Amino acid sequence: MADRIGFVTMGEARSAEGEIPSLGVGMLGYAFMGKAHSNAFIKMPYIFWPPPARPKLVAIAGRNQAATAEAARRYGYAKTYQRWQDMVTDPEIQVFDNGAPNDLHAEPCIAAAEAGKHVICEKPLGRNAAESKRMLDAVTKAGVKHACAFNYRFVPAIRLARDIVDAGKLGKIRHFRATYLQEWITDPEFPAVWRLQKARAGSGVLGDLGAHIIDLARYLVGEPKTVNALTRTFITDRPSADTPGKREKVDVDDAFVALVDFASGTLGTLEASRFARGRKNANRIEINGEKGSIAFNLERLNELEVYLPDEHASKELVGFTNISVTESYHPFWNVWWPHGHVIGWEHLFVHEVHHFFDAIVNDKPIAPHGATFEDGYRASVICDAILASAASGGSQVAIAY
Amino acid sequence: MADRIGFVTMGEARSAEGEIPSLGVGMLGYAFMGKAHSNAFIKMPYIFWPPPARPKLVAIAGRNQAATAEAARRYGYAKTYQRWQDMVTDPEIQVFDNGAPNDLHAEPCIAAAEAGKHVICEKPLGRNAAESKRMLDAVTKAGVKHACAFNYRFVPAIRLARDIVDAGKLGKIRHFRATYLQEWITDPEFPAVWRLQKARAGSGVLGDLGAHIIDLARYLVGEPKTVNALTRTFITDRPSADTPGKREKVDVDDAFVALVDFASGTLGTLEASRFARGRKNANRIEINGEKGSIAFNLERLNELEVYLPDEHASKELVGFTNISVTESYHPFWNVWWPHGHVIGWEHLFVHEVHHFFDAIVNDKPIAPHGATFEDGYRASVICDAILASAASGGSQVAIAY
Amino acid sequence: MADRIGFVTMGEARSAEGEIPSLGVGMLGYAFMGKAHSNAFIKMPYIFWPPPARPKLVAIAGRNQAATAEAARRYGYAKTYQRWQDMVTDPEIQVFDNGAPNDLHAEPCIAAAEAGKHVICEKPLGRNAAESKRMLDAVTKAGVKHACAFNYRFVPAIRLARDIVDAGKLGKIRHFRATYLQEWITDPEFPAVWRLQKARAGSGVLGDLGAHIIDLARYLVGEPKTVNALTRTFITDRPSADTPGKREKVDVDDAFVALVDFASGTLGTLEASRFARGRKNANRIEINGEKGSIAFNLERLNELEVYLPDEHASKELVGFTNISVTESYHPFWNVWWPHGHVIGWEHLFVHEVHHFFDAIVNDKPIAPHGATFEDGYRASVICDAILASAASGGSQVAIAY
Amino acid sequence: MADRIGFVTMGEARSAEGEIPSLGVGMLGYAFMGKAHSNAFIKMPYIFWPPPARPKLVAIAGRNQAATAEAARRYGYAKTYQRWQDMVTDPEIQVFDNGAPNDLHAEPCIAAAEAGKHVICEKPLGRNAAESKRMLDAVTKAGVKHACAFNYRFVPAIRLARDIVDAGKLGKIRHFRATYLQEWITDPEFPAVWRLQKARAGSGVLGDLGAHIIDLARYLVGEPKTVNALTRTFITDRPSADTPGKREKVDVDDAFVALVDFASGTLGTLEASRFARGRKNANRIEINGEKGSIAFNLERLNELEVYLPDEHASKELVGFTNISVTESYHPFWNVWWPHGHVIGWEHLFVHEVHHFFDAIVNDKPIAPHGATFEDGYRASVICDAILASAASGGSQVAIAY
């Protein structure tokens, strides 16, 4: 097929020779992540044409039978399960996708791995490092493919940033700073949903948004050596999500700030909050290296800002360049639209699912561009260290995997 | 289903009661627009859940048999046709979607209408006003639903802009200015594809990008009364797209500029070019009214800039407000993701397909928020007037439908 | 003197050898432009150290005796005149600066030139081309230095833009578009000040803001060949500025839009308005050339946006580069502060006064970087052509100097 | 005098009644700060017309006799001194301005205070808290007016931010984050100037840029309770600034990062670096409160971004508002130009000098909007705490004044 459609070089597929295999998918969870992942399974094969395999939507599991049935009908899953225990052994399933709340990450993933399923699990992997370690050990032992769904590795602009780092264009990295700011729970009457309960979520914004920037820090700069951190819970009790009239104590962090000393000598700061009014999804990253800088904001995910004087022919014309990361030669873009026809947040999952299926079908490694359970575990270790540091008033805590 | 998933009010579906009907779709064209429309047909039903009807992908037609077969396999069309004449009478089809080059808009749409199919056709409707009129007359006579796929009416930010105008928040509109800038054919060795041939395309950038901003001008400000315009062809001959070594004359406009006097007294300018280096998809609109202003850029389609002093409580704090048009109460957003989880260009077609299916199933009007063949025809009249003005050195030409 | 102050290469002066000459200045007008120009005379010598000459503030003239005396005391003018006729022959004065309303441009400038004074006059030069021609003839005949104060030529970013054009980095220029938008008179009760009276101002926004972008168009792209234009007066009568309770007809343009065909083949649009809510001083320019683009906005005057792929080493990293035009090697910046320590609007006059004094003392030409009365005259010709075109419904009018 | 000049309400002066007093100024230092302060002394009286007093430039002092003489000639100082000891007792001087390197802050300021001069001193006040305390004690004892030149309190946008905070529009402040990033010494061959020597400068970027954001944190949010900090010296030896061929050890910080726990419960981060490539003068501040947010960047100092939903009439139209802080009713702007005619970095000193002179002449307090030696001292205490924390690996250090 020609790769010029009308005016522009648009990512175009080559012809699909022979039969396209399929891989049976079992999905746990039908809510936010269930919707995002189901969308990706449906969309991946015709976007990444021909796909390594077509996802076959075998089953979806959830405790609420009606809601699960509705989701099955909506997205096209053939079966429903009320008990994940039944689904993870379904012989039609080769891929288990865990989009459930954090307290349902470990046991289903471990059981699925033991049943020989490839496993992709939403972040954070476990509720703490110990739980994540058990999960990592299980998939390692089972020899299945495993991915921790740190989807922001699959932003074209982030992959481009990594390419810039890998090419040495920044030189030694001096500074890394990331803030992931949202505003979802600024209202004190917002209820104490599961994400605000330590028993279910493990931690608060730390495991939710913090884990993303911790993973990106590792992906872009390398391993942290130590952290000093503080956390804060601004609203300490909230209405129960389940029992009208009841109030519940919030026992997780609403925000955290951390200093990070990286093994490379990079000096870093990390911060996440659900109390930053006006910041809808502001995952912002800035890297300053010896030879240049990179800046990114998820709210404008099709753009990357770079300052790389050595890349310019004239010093008078140097500055931060705003790259529309939408050219056919940019990461992931050969499958999409003409340049400037921007993609959205949901498409990161499409890239991720393709990466995972490609790894399974063609026996490629998930790492380094995809995150594995090893990466999920390491993020958990860092989260635990941040909590430990905060508990001691910000004392330095070493990272040890 | 609860509309709170985790932390945020996310657009969520109500339960689908009873059987969901389906409407058979016949698609003409498998390239850029074929891909965009097919994607929308697949995606619409589970995003707008429950959908007014599920699109059933009955058939796809195209002259290149192998490519059409590949597209069918890719997107899931049950049948292929090499002759559109055969497809438009297929009894399984209720909806005919025309994503073919401009010279294949009129006859297939007219035939489909005559066969009683609802018709959605890519813009520009016809290659000129006369051709568009024939198309309009055919769908009117047939009594079918008809839409001209001016997809930018379905940008949430543009719909919000229209809401602002409708609410009178701008007062009398003084100025409208729109520029649609791209850079696809700056290379003089880019071949003379069909879009650069008057016989096939009707006009150059005018019918392609210009038609979009003409439609948005009408949608946001109302009817133009006169135009004064100039056009320019920067590269007058190019390599043939078909015959190696041959060169062909470019007989369409590479750029146009126009002054527009609106019936309302608004003073406007319109400009489109495929020669604006660095502008990937810069459909930029600014409206200045008596009481405020609005600015939009398609390259950041999730954002709208508004200056509306009367909306502010303190004069010291007035300025252009950058709205992230991603809240559940923003246009179209109740079906999507949590705020700040931005959507992309392709999703405009999803909104459009939903609008069209909803109009068919529930017998609602396409207008005013969707564009009909009437709108397509009017855009053609304005395009013709622009060409006529340009031919006379920019003399004023009245718009008469 | 070392040019490193602390950390950064800061523009620094060389030592002033010998006596610094002085040039006597006579200033007409004490209001907005009187303040801006007086500030520049005071500031220039110690910023551009050593200066070509120190401006000696000999006299200021104005019809309101008290206000003129106050201005003299404020800025340090030694004498005051109520009649400009008396000032222009003052033998202590070598430089006559005309910052008066437009109807007081011609006669004082002509008289000053006849008295052998160098003349700098605010824009627009005359109220129409005929008047401007008389002024040009007078300074030419007198053999004095003459400048028309188009101060935006002295924005570092605009000078850099010109350098880019001169170096051929854009290639052939395809498009020029400039809009100068303000919002000063959106209130219909704003009075009919002199700027809204044709007899005094010559034209409305056209001669005021339009003249600036016309001059920049000529400075950056070259001579226009034809114009097609429309004008509009949105508020046709206003309260008198002088007589309470009286209303006066507004007989000048509130806004204009124009298509410009340049001699070079560039296609242009020009627009100015005083009715663009929220646009405080939005002189915005965009140039698209064969090989790149430039964008500028006076509201962020320390920045220039450039898209110049040939200047980049890697195609993946190309985009619009935001240049902070504040490096010691940028135009005018060797006299200022460390980079990033931005300058303001008033400093353009400082550059301009230096340029004028340097031309006088060292007998250098004002052109091409400064605007002369020739440039002022040509801008008037173009303004007249725009009015003539608008009067005929936008017919094409040729530019003939 | 009318306050409408042409089209816009421009800050205009009232008439100056009676004699304008003058205050004799003695300036120490002729380099970067000498230039910036001298400019402010010259400019203040005619901008803030009528001024509280005219600065009379009595003398300038500096060790390099030729350079000092040149500066005197350039700016108009009547006398020069090689020994500051001689200048601080000059009876013509009422105001002593210290723009010398940090190791020359304490003794001259103390001596000047003891001689009864009002004292304004560049930041950081002393090289450490003990030295600053001696300075504070001296001015307190002498009963003179004293100011520490934290000029960023005099950015109109920062003053507006403070007004917003004071009005309670943010509610409880949750987060404060400030980064002050520059790139001056990324070149390892940049010499070991005085700012890189602990003995002369006290600290590195901490006292230089860090002190600014520490002061702004106190000004905008209140007192910090504890800090946890890390510092880094990226380039540990550099060429001597004085002795060719020699290298010197850098014994100050190139960068620091700090977590701050404020008395109010606000969680903060502070960071400054001279190694952030591309960041020319990026003093960036963000405040997130219960009810809204504020963001500022010194590189665009005429702008303030605010997110204040309660200030908007319609929830659909809420977002970050970009305020052009240039209206006549904005802080400081009544003396400047029409809106949108932006000011520059140097003008902050003009505001500061006016504030100081107004305090002297009219016996007003410097605080809270101007910084005193008390503020300078408190910044020093916080700097010392940051260094102490960093020395201990980021342990928490309490702030005690």
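Each chain carries a letter (A, B, C and D) given by its place in the written order, and its residues are counted from 1.
What we mean here is this: contacts are C-beta pairs under 8 Å (C-beta built on N, C-alpha and C of every residue); 3 or more make two chains touch, one makes a residue touch a chain.
A quick note: this is a predicted structure, and the numbers were derived from the prediction, not measured.
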{"item": "A-D or B-D - the one linked by more C-beta pairs in contact", "value": "A-D"}
{"item": "Length of the line joining the C-alpha centres of chain A and chain B, rounded to whole Å", "value": "33"}
{"item": "Where chain B and chain D are represented by their mean Cα positions, the distance between them in whole Å", "value": "53"}
{"item": "Whole-Å gap separating chain A and chain D, where each centre is the average of the chain's CA atoms", "value": "42"}
{"item": "Where chain A touches two or more other chains, by residue", "value": "279, 319-320, 324"}
{"item": "Graph class of chain-chain contacts, one of line, ring, star, complete, other", "value": "complete"}
{"item": "In the complex with chain A, residue positions of chain D that touch it", "value": "174-175, 177, 179, 181, 186, 226, 228-230, 232, 234, 255, 257-259, 261, 265, 267-269, 271, 273, 275-279, 288-293, 307, 309, 319-320, 393-396"}
{"item": "Chain B partner contacts - residues on chain A that touch it in the complex", "value": "1, 4-8, 10, 13, 15-16, 31-32, 35-36, 38-39, 42-43, 45-47, 49-50, 66-67, 70, 73-76, 182, 184-185, 190, 193-195, 274, 279-282, 298-302, 324, 326, 337-347"}
{"item": "Residue ranges of chain A in contact with chain C within the complex", "value": "160, 163-164, 306, 308, 310-324, 327, 329-330"}
